[in-house]
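What follows is a structure written as structure tokens; I'll ask about it next.
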């Protein structure tokens, strides 16, 4: 299999984390999938992803103390592989795992994804559990010093041929369930090791190989960021998308900071290889974190975010509870002109950047689009003229892609807002 | 002017540094230019570049103590602009500067380049010299804290509008002389400032603007490296080439290390924008440094270097005394199959890398070339087969681009050597 | 000479900087000296120190732009040695330098100090001035890359035997003037060189040797901080005091931060060797900086500062305009019980430290003093009991050294305040 | 209890590590103790310390792969406390632990010490074992992210009041066994956390408190180094000795490097508080590491090491198999003149240091000793004269403390050797 064919364009979909945190249930997943099939599929959204701790029986029960309860209840088979918590995922019992849920999502014309952590469960190593289909035990391949600095559940695997067997055992299980998208965490940037921030590099290769051996095209998504720019070639070689930022949330400083990341990563990206700006925290989010809320982003900030993600060609994974989306947000995330910027042949480039503004262009064959971002806290007049190609004036008046209105340089761009022009 | 049109392909030429150090003379430059016109021009080599300290009257006189004599003799006009040392560049007297030399080089069908340092001469600031065409004096724009950590001659310019006038004054002078290529030093990586390694960023913009204002297409080359990967977009926006390494010399560890730099920079590069692996220290080098010598590179290492520079699309600036080149070296640097890899539409990518080997491919439309590098110290059998595209076997036997012989997997690649195949 | 005999106890005095910045005049110095002789000498204050830029003819004239005007007017003799600006120091003319001023201060029973920068004037190097009494010129010993990152006037000296001659020439001149105290700047921590923060180490040794050769006991004070804890032995060996902090000003966060520095440096210090917490910004300060003001410290903070400086045995250099001191401040800085803590045989130790409080003790023979500092922003009850020696209850009720009142544990210590007890 | 009374002078003794690694047995300990009682006790050696992994049933069984076998056999009681491996420590069975061994060692007039790791056994947390005498379970206080980067057995304890109970439970058990010396590892410098190298600080305080509560004077020794100089006050406050270096072995570069550490730590140290240069790898060492060998140190290096440890007042813990000690080594480690330098009132100071030599002095009341170390690789003449106090010539000819011979300046000091003079 050529993994670059798994994601010819930046993947689009929904992820349970921003709304449900660790505590999403099967019913929650189903209703979001149904919404997607009805309202978003036509705009290219297709992945439904269950995020972290679907295997934890105590997920969310001590949220004031812990996001991930140490030494807590985890559903694990006799080979040290996690299975869905049956209380939250009732269809998973009797050895069916995520099979029935995946099947339902497929029946809606969508694809199914899950989150996993790098490594194997610590308990599996302490209990010397066997690795499926081998005579190895988990303690022989687990590295007790390879830990994550925010999740207490796992040990990373040693860089030994035997470790491949464990990853084969879990990936083939997930393939059998019908998983189409694998978000692997604590691997893109291993924060705990300041001097070895890509210390799970061999595990990336093993997981990629396990997918290839499993024979099912599963998109491989690496988390968390910030990804290491000087390892770009390795992410490109083995993964389909990788997070260029740490967890992104709905705060303006975080959105402004994304321009730094996009600036750096603009040269990388293409069919099968997508630098990832993280989920879009839109609409209603935060319930699992203790406080359901509307996104903190203003409408202008939402437009700027959507324009940047599209122009930069980031994957678009919605972080909202889909069933609560308002029409204006729906319109934004399905805006055809913006989504069209995610063409596999587009070339996004930053043209200018200072404290107050950022200017990006996207060329795609003869087409040229220009986006002017106001990064300042007050309205700012920004003319596209200085950023148009020399000796190449647009034949017709520029149009704002978002509003359809003709370009009037006099109108300032609102604070934190964007104006996107189709130049030619 | 669109600066990207100045260097549609990676520039090729000769630079005086590797052989002459700081002490090159007009006669030296002329004879190398003549050799180039006769033997190398047809292979695309066209730039003849006079490197550092052409303005120093004491260049090379205390070489055991200093490469750049502090507080030494420098030829400077009343506006704080350096002029050629008349003892070494006799045609420069009577206000002609590099004009006559440039004219001669143009008469050979070649182009002329010079090296300058970022900033203005310290003496010009201490003496409060006026800036040409303005009522500013040099002390008002010189930053006494902005120094280079290896050259004692200059102060960087402050980030003020007035500083543009100084750069305009020197660049317009050089344009009048007929300069086609400007290598600006202490600017791509300002080593002296560990936490501000691109602290001359505003000076890059000023020099680019000065070139634009001067109206003469001058290639802008930034030195020294290693350039900062996360500033790639800025180099691309303002310069034509920039050094991705510190000074490169003829040692195998340095060549092996270049694979690290190329790995990181492979996504950047295209018409007008070329990451630069530095001069090629081939043939005879080192006289100005105290010891004339043949390059330390073996023939296999030379082939590997040339293959990497070509495939990666680095500029090719020869560091040799051209008149002493032997036929085998000449053949290597004019090898048409290798040079063809520097096509503006080629896409170079690293495919694999470990301690012992590196594999690169270059795709250019339908064409596919594969280079297998042996990074180990003993002969190594390396088969191209695992790196060929899946489901896409070459129709005909692979041929070695360097030797023209058919691919025989059995033959090991020599230590530090390369094998380059045209796959399709 | 044994330099440790120059400062058997922590030096006390006045420094012009906090009030006058760069622009102090002879008249200013005289009136402060007169005040000291009358009101402070009996409490051990004896040094009158003229701080930076007494040689600058333009000091303070462009204060909105620069503290130290680059390439500005400096009074320098034909040997590259600074002399006082005659406009500000009228008695210095006719080759007398600071002689008359020193003589006057000595006549008051006080001692005279000046500030100098590490190195020699840049102009002296660019002009190739001779070094007094030698056939060396300044350009031969100046290191053009050894610059200060906040003062543009000097080049550091190379680590060569010839450099000693320059330091000998200036120190013997100052000795002839009658200087008793030399504050040398840009030397204790050479901030400009992140990886070589003590790169003027050889210059410290040269200056110490020059003092020894000059034969006049001059206290050697090194600035700025933070001094490097792992170079403590070197400061002790060559200097009399050295700054353990960067410039200290009258802000509570800076005072709170001083507990970090004192914590680290508590083991170092004794006759001739004093870690220095910097000037005391009390009373009226700031005129030269553009805004004359009363210290920002509350009375409680002033007491805490004075208690810490005394207990830790820091030098006490007053930063105020002395003639404007109010009686309460005067009483604090001359409090005999606090000043007695600066005994050469005292042993200061931190006993406890957390976010809200710090507890120090000072033992001196049988005497034991305890200081409780409230580092929090609200009143805090702090009992001395847990910090008294085990099995060693004080015979009599503890007394507050500052107020003379008996210890009543119930009374909380005010925010940012201190309570000092004589235990035995 | 006042912990400073536990170690009024630097502790001396023997540690099993350098010879036995993890695999020492009760018989080994007994025979070394017997040797100490007979030959070393009179020179002040009294501690017999069993180093790491006395609780491991598999210690040393896979030494080519692991020093500490991950997920291996550990003897642990129902409260998560380690007990001696009964196979290696036969007297420990039937709930007696180290009691019988301690009793035997006490019967020889010696003291007994053991090594422990910071934290509690990982298995105790994964199995939710109760903490002795409480209703807490180990998982509630273990921090799954607080791991050691070289030993896989433990989790550090959270900074919570409940954690004290666990440390109380183990320390009171060891006190009941008769332990006199506790070497706690992974605590002085927590290497795994580059930005929090003293992250077990609260655990130091808890262990000190547990010792105080247990009521038995146990010397508290912290490992590994390098200790953090800016935390000196905290080590002094809670511990009796702490390692200022990482593990020290018998190589000259390591010994030369110790001068860096001693230079930095010379101001700290006194009754109850001893910076520790680590064990002395003398005589025969290394058996447990796979190769029994004589120390790599030359006799001159051994003398230099012993002189530095004594003058600096480091604890003296022998790393040799004592029963194999030769007479010359025995004479060195019991040299009364050197040992006398470890007086509680001595003041050791470095006087000079360069690439080739180090000079130290020790003053103790009126006594003055001078040590000249040759750090170079060839014999070096070094005269004590420049380092004698000014104006204070010794009345009688200096004598070499090691040989008893009079000082003859002409005789060079051998490479890596030392000469120690009693000046007065």
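By written order: A, B, C and D. Residues from 1 in each chain.
The definition used in the following text is that a residue touches a chain if its C-beta (ideal position, glycine included) is under 8 Å from a C-beta of that chain, and two chains touch if they have at least 3 such contacts.
All values derive from a computational prediction rather than experimental measurement.
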item	value
Most distant chain from chain D by Cα centroid	B
For chain A paired with chain D, centre-to-centre distance based on mean C-alpha positions, whole Å	51
Rounded Å distance between chain B and chain D, as computed from the means of their C-alpha atoms	56
Chain centre separation (chain A, chain B; CA means) in Å	40
Pairwise chain contacts, counting only pairs that touch as defined	A-B, A-D, B-C, C-D
Complex contacts: residues of chain B adjacent to chain C	70-71, 122-123, 125-126, 128, 139, 142-145, 147-150, 152, 192, 194-195
Sites on chain D touched by chain C in the complex	1-2, 229-230, 232-233, 237, 263-264, 266-268, 349-351, 353, 389-391
